[in-house]
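There are two complexes below, and they share chain A, which is joined by chain B in the first and by chain C in the second.
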Partner chain A sequence: MSASLQQVRETAWQAFEQQGLPTTRDEDWKYTDLSRISALLGEQWWQTVEQGELDVTAADIPELDAWRMVFINGHFDSETSELPAGITVTALSALIQDDPDRSVELLEFEPDAPLSSGMTAANSALAIDGACICVSDNTKLDKPLYIQYVSNGGTSHLRTGIQLGKHAEIEVIEHFVGHHAESGLTNHVTAIRLAAGASCTHYRLQLEAAKQCHAGRVEVNQLADSSYTLHAVELGGLLSRSDVINRLNASGASCHLNGLFVLASRQHADHHTRIEHNAPHCKSRENYRAVLDGRSHGVFNGKIVVAEGAVKTDSAQSNANLLLSSNAEIDTKPELEIYNDDVKCAHGVTVGQLDKNQLFYLTTRGISEEEAKQMLTFAFADEILAKMENKAVRRFIEKEAFSKLPNITDLEGMLA
Partner chain B sequence: MSEVKVERKPEEFTHNEYEAGFVTDIETDTLPPGLDENVIRHISAKKDEPEWLLNWRLEAFRHWQTMTEPHWAHVNYPPIDYQAISYYSVPKSQEDGPKSLDEVDPKLLETYEKLGIPLREQEFLAGVAVDAVFDSVSVATTFKGKLKDAGVIFCPISEAVRDYPELVQQYLGTVVPGGDNYYAALNSAVFTDGSFVFIPKGVRCPMELSTYFRINALNTGQFERTLIIAEEGSYVSYLEGCTAPQRDENQLHAAVVELVALDDAQIKYSTVQNWYPGDENGVGGIYNFVTKRADCRGARSKVSWTQVETGSAITWKYPSCVLRGDDSVGEFYSVALTKMRQEADTGTKMIHIGKNTKSTIVSKGISAGRGQQSYRGLVRIAKSAEGARNFTQCDSLLIGDNCGAHTFPYVEVKNSTATMEHEATTSKIGEDQLFYCQSRGISEEDAVNMIVNGFCKDVFNELPMEFAVEANRLMEVSLEGAVG
Partner chain C sequence: MLKIENLHASVGGKAILKGINLEIGTGEVHAIMGPNGSGKSTLSNIIAGRDGYEVTQGSITYKGKDLLAMNPEERAWEGVFLAFQYPVEIPGVNNTYLLKAGVNAKRTHQELEELDAMDFLKIVKEKAKLVELDQSFLSRGVNEGFSGGEKKRNEIFQMAVLEPSLALLDETDSGLDIDALRIVANGVNHLRSEERSVVMVTHYQRLLDYIQPDVVHVLADGKILKTGDKSLALELEERGYDWVREEAAA
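So, the complex of A and B:
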């Protein structure tokens, strides 16, 4: 007999009350002070808001041909959603009513999981909605599934589960968006399970409103020969922290994590990623880049753990950062933890400004210095976006990202 | 007749018995184990210290009592009972104070002979002044006269407290304050001896300065304190080498090294550390918890740390540079080897504060047997460090499938004109590399040595000649035939 939903909620709530929000005294939270959230949103910051009314189509990604699932302020909105046939897609709120036992599985709180915090516990205790996606063996969803989380302030706790059967295939686009002036919090957890040979492409686009806080967590468990690709984009929000935990649990599994931060003004974004090589012959690639302007603060912490016995591991990680303003700050920490000698692991980090030689080259070709700088900044960031296979998403993010940087004038020309 | 060939597994190669394992039997004047203010007063009185130093020690001790032992390092060891350690031990024959080498206890000299440090020969041949530390008191110092002519002060720190109290008071604890961290605070409270070096303005120290450390009496932790001051435009190269006799009990070693470089001064600090690493089951061995920090106070000053770490059961050491002066330079070159059950958590901190400061970090870790090794480094570029530059490379070589190699580099950049690069790789000795060498008639063992040597070359090149030879030999002996 597994624990009832009630029990799971209570345990998580107790853990949350005990732990509270992590502060910078915790090593994993050294550069990101989540306790600011209670200062920004008040003591009762965790209380969820009502659904309310919102024009959701305004936030859509143009020219994206996809199935739709919409959450307004953390509540599923069936009217604006268009669910696919052939796979099981339900809202968590419906699942809790119809099949509470299955919802327990999704909401279970693991206090000892890496990078788990009071925020994760709050999510287990308080998430009332989210997307539950099941794709059965050998099934491929014909179009991408677009999940929009739109908010206009206040707090929402969301939990999404994606489960793929053997050799199943899906492309999921999670889009966090808002245009309100007030502050709020999105506390979101995505749990992904890939059976043997399954393949999942996951876009996680954080374009929250200017004063919104965002706490994200993606947990991926992979079986043999499965493949997972993440495109994480951080553009919005005031204070944002995301943890990606990727476990390669059986031979032949592979993952690609791509990340791009484009931050300005006083934005703060933090990505902690942890890739666990738990089995032989797995491959991981990680590529994160940040462009920081204004007084923004970027944090990247990428950890790769190679367990004993995970022989023939092939892992590479790279993190490059471009500081455009003298007030911007980057803290980066690429970590390797290796317990086995038959591995190939490498990581590299760079922090710097635009290459003077490249600038010189362009200016000798009659391009103005200003324009040359723009081109190089664009090229720097676009290296990550170029990995996106979905053209509509890529074009959308390019526009959103570079419109943030004031010195890019001829964006259309560059995109053409 | 067929020859019987005994196949040696890689594990066997790395199990060499510690070569420098023996205990010299000398009477020592040792305090009973335990630590309280009386012990500190006793140490201070024994050394005839002025009031301010005693107060400084006591302040550090009181601060230490409020601190908790840090556990963030990636190492495992049983809890240390600080009350079970004896904090003072002097070789007895030292009490009368030998005036020259001839008066030194012949047994001491014999110990050095066994370790291949012919003190007398060194005097003539190597041109190296040796401030030999046997347990906690320096017993012989050579080349004093020659250094004195150049105006260089090189003496045990307790002597410096007596003879140059103003200098010591001016600089002691300004780089590593009394309450800096748990082990530094402990050291500040109970340090018994160490070296003091002062290079006056514009002087290029005429020879390499060298100290050989040895831990000898059972159950005595060794708390060395080294202070090196290089005045404007001066240069000094300092060598530190360590080896210890075999014993069963873990020994704590918490040293503090402070370097101060003023305008245009250069300090080169090299270490070869080969303390007893414990046996293959991890019994015994030295705990090496060291705080080393350099303060590049002056413009265009330069400090370079080079270390070869093959010994100790547990190493916990981060030689750092605070690059305060404009255009100052910090360098860190390290080779660390862990085998059997050794654990090392080592690296560096480069704090860029001044404009156009530069730092280079090259760290090579070799892990064999059940060794666990971590590189932990911090590169911090402050907002004021306009045009700062850092290059970091840390590579790990794994030998055997039970060892571990970890990398924890912290990078904090607050200035957009800064440039920093970090790269790290982890690999094992390639089968194809071995095969290539063997197919050319090179034995497996020699091939491994060759590859490891090549792997460490960038660091060994930075060592002074005398040490480079020793370091090479040390690696060969330590790794005898370790094949991946």
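So, the complex of A and C:
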């Protein structure tokens, strides 16, 4: 291990020891108590597990035509992976061995970055694997890259880096999955850098096992006229928190953040997003929706920061929430910080139950009340899923999301 | 077909219907006219089964069964259809999917086989022509972004597909221009048959020029004050409602 990599690790570890896990006294962590993780996993919760053996194909997305990269319990599995030629996709573990200086770039650590916490520090100190993706100028990956993070309990720290050259293009599908009954933690950081004119479509599908905790951080830095689209889906896990920091750093950059939570029983999911308009003529669109059943708890905090020089900013944010149960809870907060006058910023939040007039209308057409509720719930959530251009992913998520809600009887028909 | 006896109903403790008696025979077309606030919409909503109305007295018998004991979907399966005064927009629920689910739920209730997609599509296309509804509306969300006239045509289109035994048209004519009114009336006339009864609730005589009723009732102050043939509608148009009230009070 080169000295500089070791330095990064040490700095991060010190920061982790100092910061520990955030408490609910911190405004950014008010509704999500990460200290539960040490209660669930023990004092040494951060210790990583061995790779072990797992049937990974069982977790695949049906009919998805893509390159694959598989991580089992946080370790790259070359046997089940199929990597494209022509662009550089390597495992962080291999990079650390072959070119430690380059791996430092990926693990680069800024303890003061917004929404950074001891969890991010632990990741920088302990991540031993992840995906390193470099696409050179004017190159487009012919098929999407599907990255599966499959676990059977225990803790893993993963670090993924995506760097796109000028006018490069890629679609990445990150899928977090497990079917085990153990508790565990996935601590995952993705750093994305887009050069001028680059385009990245990013699916982040959180379908962890029932007792798994999930900590995610997506940090995106964009240059001129680049575009970034995120489809963030929260279906699985017990306790999940993700932070998305999207910086529009040069003129003409645009981002679309789409989020869907479908939660039941005692699930908890929290997304804090921060879009920074740091340059003129940038555009951001953010649409988050949550369907909450049982005693589940959703948290959405969407911050838009428009810098002084970021004139002609065009920003719109909407967050809609559907509560299917009187015991479900949503805490939602849009935050706008605008430091110039020449901007267009729209935002809106709704929280509600199924519409009684719509329900009555459907039942007068012979639809049973139960089925009418399903149709309306489906329609509500599908507004986000309809934005997914990858049909195989969309179909997969529709099925996974609605199998969680009781008595969806004719999903196939609704999908038509 | 439908027999309403001494029906009293209230909303939030306020009495709206105060003893309605009404009998609608199979194959008949009835018009219920009356001033604003007379209880016309309350009556159609109670027949269709909307929440929020309290029936305090009386009964509604439909095809020999107690209608008030059924929930709205059961009424639909038994052949009751309400064309809404204000059709509801349901973004994300496909118009055709809704109808297919409705038709098949009814067929299941009748112990018939469900229609397959191809047969259903054929029926839907044929009925859409009847109300001059463009095919593109079939795959859109229910009433999503439809104009007022398109929404009303969509109601009649749904009625044509669902083939009810008892169709209630709640102020279907309101907000329609002459062309749309003609199209809607055509659709309704096309569905007139010896097995099907139609109840039109309306303010104006205008609709009755296009759909000729067998019987006209005047509903005011929560009661049926007068019943006659279609000439009664013309008389109401000319003289208003006050004379009916006075006559009833006398």
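To be clear about the criterion, the second predicted complex is superposed on the first by the 411 of 416 C-alpha atoms of A that agree within 3 Å, B and C clash if a C-alpha of one lies under 4 Å from a C-alpha of the other, contacts with A are read in each partner's own complex, and residues count from 1 in each chain.
Just so it is clear, a contact is a pair of C-beta atoms (placed from the backbone, for glycine too) under 8 Å apart; a residue touches a chain by one contact, two chains touch by 3 or more.
Only a predicted model underlies this, so the values are computations on that prediction, with no experimental measurement involved.
Following the overlay on chain A, a side-by-side fit with no clash is recorded for the pair chain B and chain C. In the superposed model, A:Val349 makes contact with chain B only, not with chain C. In the overlay built on the shared chain, the residue A:Gly366 is in contact with chain C alone; chain B does not reach it.
Once the two structures are overlaid, the count of chain A residues touched is higher for B than for its counterpart among chain B and chain C. In the superposition on chain A, A:Thr57 contacts neither chain B nor chain C. After overlaying the two complexes on the shared chain, residue contacts for A:Ser4 are found with neither chain B nor chain C.
In the overlay built on the shared chain, the residue A:Thr24 is in contact with neither chain B nor chain C.
Taking all C-alpha atoms of chain B against all those of chain C in the superposed arrangement, the shortest distance found is 15 Å. Residues of chain A touching chain C in their complex: 355-358, 360-369, 371, 375-376, 378-380, 382-383, 410, 413-414, 416. Note for the complex: chain B touches chain A at residues 72, 381, 383, 396, 398-428, 484. Across the complex, chain C meets chain A through its residues 48-51, 71-73, 75-77, 80-82, 84, 87-88, 90-94, 97-103, 105-106, 141-142, 158, 162. Residues 27, 308, 311, 321, 323-353 of chain A are the ones that touch chain B when the two sit in their complex.
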